[in-house]
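Labels A, B, C, D, E and F are assigned to the chains in the order they are written; within every chain, residues are numbered from 1.
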Amino acid sequence: MRTLFIKLLLALSLFGAVSASASDAYAAREAPAVEQKAYESHSIGHLLANFAKSTGVYAILYPNPDEMSALGKPMSDFHKGWGRVIMILVAFVLFYLAIAKGFEPLLLLPIGFGGLLSNIPVADIAGPHGFLGVIYQAGLANELFPIIIFMGVGAMTDFGPLLSNPKTALLGGAAQFGIFGTLVGAVALSQYTGLFDFTLQQASAISIIGGADGPTSIYIATKLAPELLGAIAVASYSYMALVPIIQPPIMKALTNAKERKIKMTTLRHVSRMEKLIFPILVLVLAILVLPDSTPLIGAFAFGNFLKESGVVERLSNTLQNALINIVTIFLGLGVGSKLAADQFLVADTLAILALGMVAFSVGTAAGVIMAKIMNLFPGTKINPLIGSAGVSAVPMAARVSNKVGMEYDRNNMLLMHAMGPNVAGVIGSAVAAGVMISIFA
Amino acid sequence: MEVNLVAEGLKFMVLGMGIVFLFLTLMILAMNVMSKIIHRYFPEPHAAESGKSALAAADKLKKVAAIAAAIHHHNTK
Amino acid sequence: MRTLFIKLLLALSLFGAVSASASDAYAAREAPAVEQKAYESHSIGHLLANFAKSTGVYAILYPNPDEMSALGKPMSDFHKGWGRVIMILVAFVLFYLAIAKGFEPLLLLPIGFGGLLSNIPVADIAGPHGFLGVIYQAGLANELFPIIIFMGVGAMTDFGPLLSNPKTALLGGAAQFGIFGTLVGAVALSQYTGLFDFTLQQASAISIIGGADGPTSIYIATKLAPELLGAIAVASYSYMALVPIIQPPIMKALTNAKERKIKMTTLRHVSRMEKLIFPILVLVLAILVLPDSTPLIGAFAFGNFLKESGVVERLSNTLQNALINIVTIFLGLGVGSKLAADQFLVADTLAILALGMVAFSVGTAAGVIMAKIMNLFPGTKINPLIGSAGVSAVPMAARVSNKVGMEYDRNNMLLMHAMGPNVAGVIGSAVAAGVMISIFA
Amino acid sequence: MEVNLVAEGLKFMVLGMGIVFLFLTLMILAMNVMSKIIHRYFPEPHAAESGKSALAAADKLKKVAAIAAAIHHHNTK
Amino acid sequence: MRTLFIKLLLALSLFGAVSASASDAYAAREAPAVEQKAYESHSIGHLLANFAKSTGVYAILYPNPDEMSALGKPMSDFHKGWGRVIMILVAFVLFYLAIAKGFEPLLLLPIGFGGLLSNIPVADIAGPHGFLGVIYQAGLANELFPIIIFMGVGAMTDFGPLLSNPKTALLGGAAQFGIFGTLVGAVALSQYTGLFDFTLQQASAISIIGGADGPTSIYIATKLAPELLGAIAVASYSYMALVPIIQPPIMKALTNAKERKIKMTTLRHVSRMEKLIFPILVLVLAILVLPDSTPLIGAFAFGNFLKESGVVERLSNTLQNALINIVTIFLGLGVGSKLAADQFLVADTLAILALGMVAFSVGTAAGVIMAKIMNLFPGTKINPLIGSAGVSAVPMAARVSNKVGMEYDRNNMLLMHAMGPNVAGVIGSAVAAGVMISIFA
Amino acid sequence: MEVNLVAEGLKFMVLGMGIVFLFLTLMILAMNVMSKIIHRYFPEPHAAESGKSALAAADKLKKVAAIAAAIHHHNTK
């Protein structure tokens, strides 16, 4: 079979057949390092046989027993062969979702392409000398890229809606229950089912998906469980894209018609100085209460502060455009390098995908329920539909609140009211991330 | 000693949610204090800047249109 | 007191009080590395106590005896505790100056924010694994960022005014007296007062502030005295911003009414080819006379040459926009990482701030006096008010010359005439920097 | 042997200012020579490019205005 | 003579003469490392003598016997002295070609300037601590920069013309004969003339110039023969710029009047989905047939796929503008750092320039002849003038086809027809590069 | 054993050109298959997007012109 395959390829290549014995070929492959040093002459037939064996088709059909993973560990034949094919198909599914369905294409396209490239046999693009490996080392291993993205997101964020209705920040806190509830779920799965064996670090990294915040997920995964980075990032961005599908049924199930029609009072005007001071205020609080959250909150506050200062527009524009775009490309490719079959095609990935879905759902529910609890106290009432926006997934979740609200009352514009919990959710997730860093530091 | 992971997870949850709410509660308090201070001691001159820039854009468009009209007028004379 | 504080925090956190003894807590803190490896179960009270001790408030009130500085050296309790608070307030002052007073916000905002972040306890953002530390290593330790800024500044500079009146370059030379005069002052302070103990390298790095050129100061400080980088950069940019306040009294004191009203003849037209050849000419001279100045002058000439070539507009635009903006953000943050309390809150900083002021003043005076000396020779007369522009601080110093000139004669536009010494001052400072590199190489 | 730092500093000053002026003097000489050579052997065709680009911008605006006017004319007929 | 020179310089510097004996000066130079540690006082005369010896003029006239090359190897006095002057003049020639003749200025200006800087004596800008050395290590030694350029080029490429007439891809294949023909030529030169002694790796790196594709040449040269990178890159970009001069005579010599007037049918419309799938299709083929080509083809396909997806316009724009411009600047400077005299002023460079010219000519001829061979088969005829476009050099070669075609028939627009083989030539070269990587891996 | 480099080079040429043509031939086949599949199963709605965007630009210009004209009209009344 092996010899047949080689012959077939040779025939195709129009340069005649060759009767290289498989054992010869094998020997040639075994010692490439030596060959490189002292170049030895080969017959054209030998060269063709070597070529045939350097094709991707051959590498997938007949996995090389000496091949190591990008991390330098041994791999199963499945992960060397058909596993790669499956992962390339997974990349195609991500492309389809990103392009045809509009699922967070800015990150899923680069991640998917990185995943495609990292599963190419022979080329070792995700290895230490491949360009994906170089990119990963340059900006992901040191956690720099998600921090820069956070600066850019900060420069794009408007805290006006939150400032005009501060108490909605609590909704963004409640939604973090998605994180910690999932953490319990993940360790329970490990302890009671025996199917999985997540450590506390891994469980924490997985549960942060519930924060619905891409760069935070990537930051924490890189720190606590880099071996799960690929699956966590894919789950995180996929579910963020799925927010319009995941959230509405939960929101409707937990509210009654009267609640859904609650009108919220017009937001008060927020002065320029309030917006300017706010990022510093949040950062100072983070310093006082939880310094471990300050790399994330500090980067976010930096971007927001540059924007709101109004005096460095060229830096703020660069953060929001050239810089965030460049880093997005490399972040995506670097994350994709962790979609290699041997790291992604494992049972854990299924658990991560399932737990991520749970995390989103629990977070959504917690936000809605928190709004209902707050309505039990005296004061102006909150439409519980904006509670779901507390998961973050800015600005998608806020739009979902608005859309569901308008289904029940055409004139009830909830968008700006939902932006408050939405951005508070980003801060809440960063705080939750800080708690985890603090626990495991 | 075997660690009961679920118990640990529950403790993390209590701790984590506690800190998240502590943080956000402090933030809400601080925001309210800040707003009051700013509105009392640094009141804004009233005109929102968003209105201003919209005005500026309209001005620019008007100017372009005026030039266009002038040239048009000149050409059709 | 310590236990009280912890209790207070716990009460605040709504999850009940805990009676963790301080000694227990201390032990827990002592061995974090071991804890991480073999995770040990903790009671919720214990966890809360640990949390309380991981807050910034606690870290500032009760400095951790084992904590090392970002450079891995021991620190005093002051530098671990209230020193950080003072530095954070210093950062706020920089923000105020940058935003409310318009002090070089493009650099003082990122530097100030970097300083704020580098003084956060526990998080160690400026340490080798924090993102400020990563940024510093990536582009400041190897002196790449100031070089790239210099390329961008070169691409923004127009040598037309200098080319149309070459002899004004001497004014840009005289102003470098600010550098070397201050150098003497700094070593004299060290030798005769005993208050300070600057080495010749440190004194040189400080005196380069008198060059009034940000990237040159950062480049030289990184090379000769990286431990003083933060103070030198802050002084350099602050005084550049203060040029409209520092210079006019000196200019007025050294000139009489007649001199201030000297009208200068209209500048001749400079051809495109003169502008194209000029950067190459300067670089060739630097190669022949002082090759040690060529990293700075070469980068500057590169940017200017790309612009004047007229055939690579997309590269020239990128140098002037996306690239210089990106690098400015990271340069500022990286420099800010050197504003940690243990490096900035030292007596040396006061000396640096004072010497920097002297350097600016002496440079300004030397430029004005040089113009008066040149007027002693026959030929067309120079308005000595443009002499002050020789310090560089492009284009602020030239604007100051123009403004002071118009105070005495509404129709005397000195701006373009002052641009000549202004850009010559940049070259002069780069040459002075080259001399220092040459001496200490 | 103790080094007298102030003496060293003064020497650096003499050396440094000397080199700075040497450099700038050579630069001035070279600039003058360059200008003479360029004006003699590579004279510029006269029209400054800044004037050209301003002209081009005006042209573009004129064109836009003309199109606008034409459409206007067409619409109001 | 040596003493005289020093005296001359000192007189010029206006600070009096000094009678430093050459032997003293020499001793001072010998031990700079020691001087730095324990600073020793020097007389002003001594300092001036030291300055005189740190000038570029002195370094060129009296090469320092202890100086090592940027690679840490010993150099001849010629390469330390006049060789540098010659290389600086070579840089000026590159500037002239780029600016006055329009030769690929986007790369030849940065490369030329890098070459100029790397030949400055004393400063060691291309050494491990100079900024060119830092840039080279950051992005060229790991082959990242050419890969990023390839992404940008992919995002700028339109495969429409190729998709509407697929068979023209064969012309882009035939032109690769320029690569492999030159490879044979290079080894023949080594084996039979004895003038050169290229290894197979070096010969392969040189012959890739025939691919007429800058980033591919740089990628392969860095991988197989980094010591030849400077000469290969300069040859590659220079000949790409010379395409309008090199190609027409060959095209005319190999075709008759009737062939040159062949009209090609209008290209069919290509749907958006065809363009979207195409990069993935090419990449999948590369995976199956020649995974070693996938770093190049993958990067190219990534850029093209982002563009054609239509959903990530901000990333695609960034690839085509800010990112490719930034990387072009650094790639050019980094490549220029390999133009140091000791690496470029060797007999090999002449051979590389000559072989590069041969490669372009053979590639052009092979493309034209392939078109004529294809016309022997039944079916619609191809104008052989588009065959020359198969060398790539996008879009210059396609424009040459169009221009020559219009010389013989004013109404025969070949441009879009020539774009097919033109972009196929890029793929063909990447495949050829993959073959070489595969052979030497 | 001495390696005959020229012989090696010739072998590389045969191998290299063979693989290049093999690759491009497969690519041509695949492109044809792809085009057929796409045209059969995913036909395009007809209007080319290049036409569309040109149209959009014209639309925008028309709108600007209309506004300009309106203001002109208002001003000249």
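Note that in this section a contact is a pair of C-beta atoms (placed from the backbone, for glycine too) under 8 Å apart; a residue touches a chain by one contact, two chains touch by 3 or more.
These figures come from a predicted structure and were not determined experimentally.
Between chain A and chain B, the least number of touching-chain steps is 1. Shared numbers divided by all numbers used gives the overlap of an interface; between chain A and chain E this overlap falls below half, so the copies present different residues.
Matched by residue number, over half of the contacts between the chains of A-B recur in the interface of C-D, chosen from C-D, A-F or D-E. Distance from the centre of chain F peaks at C, each centre being the average of the chain's Cα atoms. Among the remaining chains, the Cα-based centre furthest from that of chain B is the centre of E. One simple way to say how far apart two chains are is to compare their mean CA positions; for chain B and chain C this gives 31 Å. Inter-chain spacing, taken between the CA centroids of chain A and chain C, is 38 Å. For chain E, residues that reach two or more other chains under the stated contact definition are 39, 47, 51, 200, 286, 289-290, 322, 435, 439.
Under the contact definition stated at the top, the residues of chain B that touch 2 or more other chains are 4, 8, 12, 15, 19, 21-22, 64-65, 68-69, 72.
Taken in their complex, chain C has these residues touching chain A: 32, 36, 39, 47, 51, 54-57, 59, 88, 92, 95, 98-99, 102, 105-106, 109-110, 113, 116-117, 120-123, 125, 129-131, 134-135, 321-322, 325-326, 328-329, 333. By the touch criterion given at the top, residues 4-6, 8-10, 12-13, 15-17, 19-28, 30-32, 34-35, 38-39, 42-44, 48-49 of chain B touch chain A in their complex.
On the chain A side of its complex with chain B, the touching residues are 162-163, 166-167, 169-170, 172-173, 176-177, 179-181, 183-184, 186-188, 190-192, 200, 203-204, 269, 271-274, 277-278, 281-282, 285-286, 289-290, 424, 427-428, 431-432, 434-436, 439. For chain F in complex with chain A, the residues that touch the partner chain are 1, 3-4, 7-8, 11-12, 14-15, 18-19, 21-22. Residues of chain E touching chain D in their complex: 12-15, 39-42, 44, 47-48, 51.
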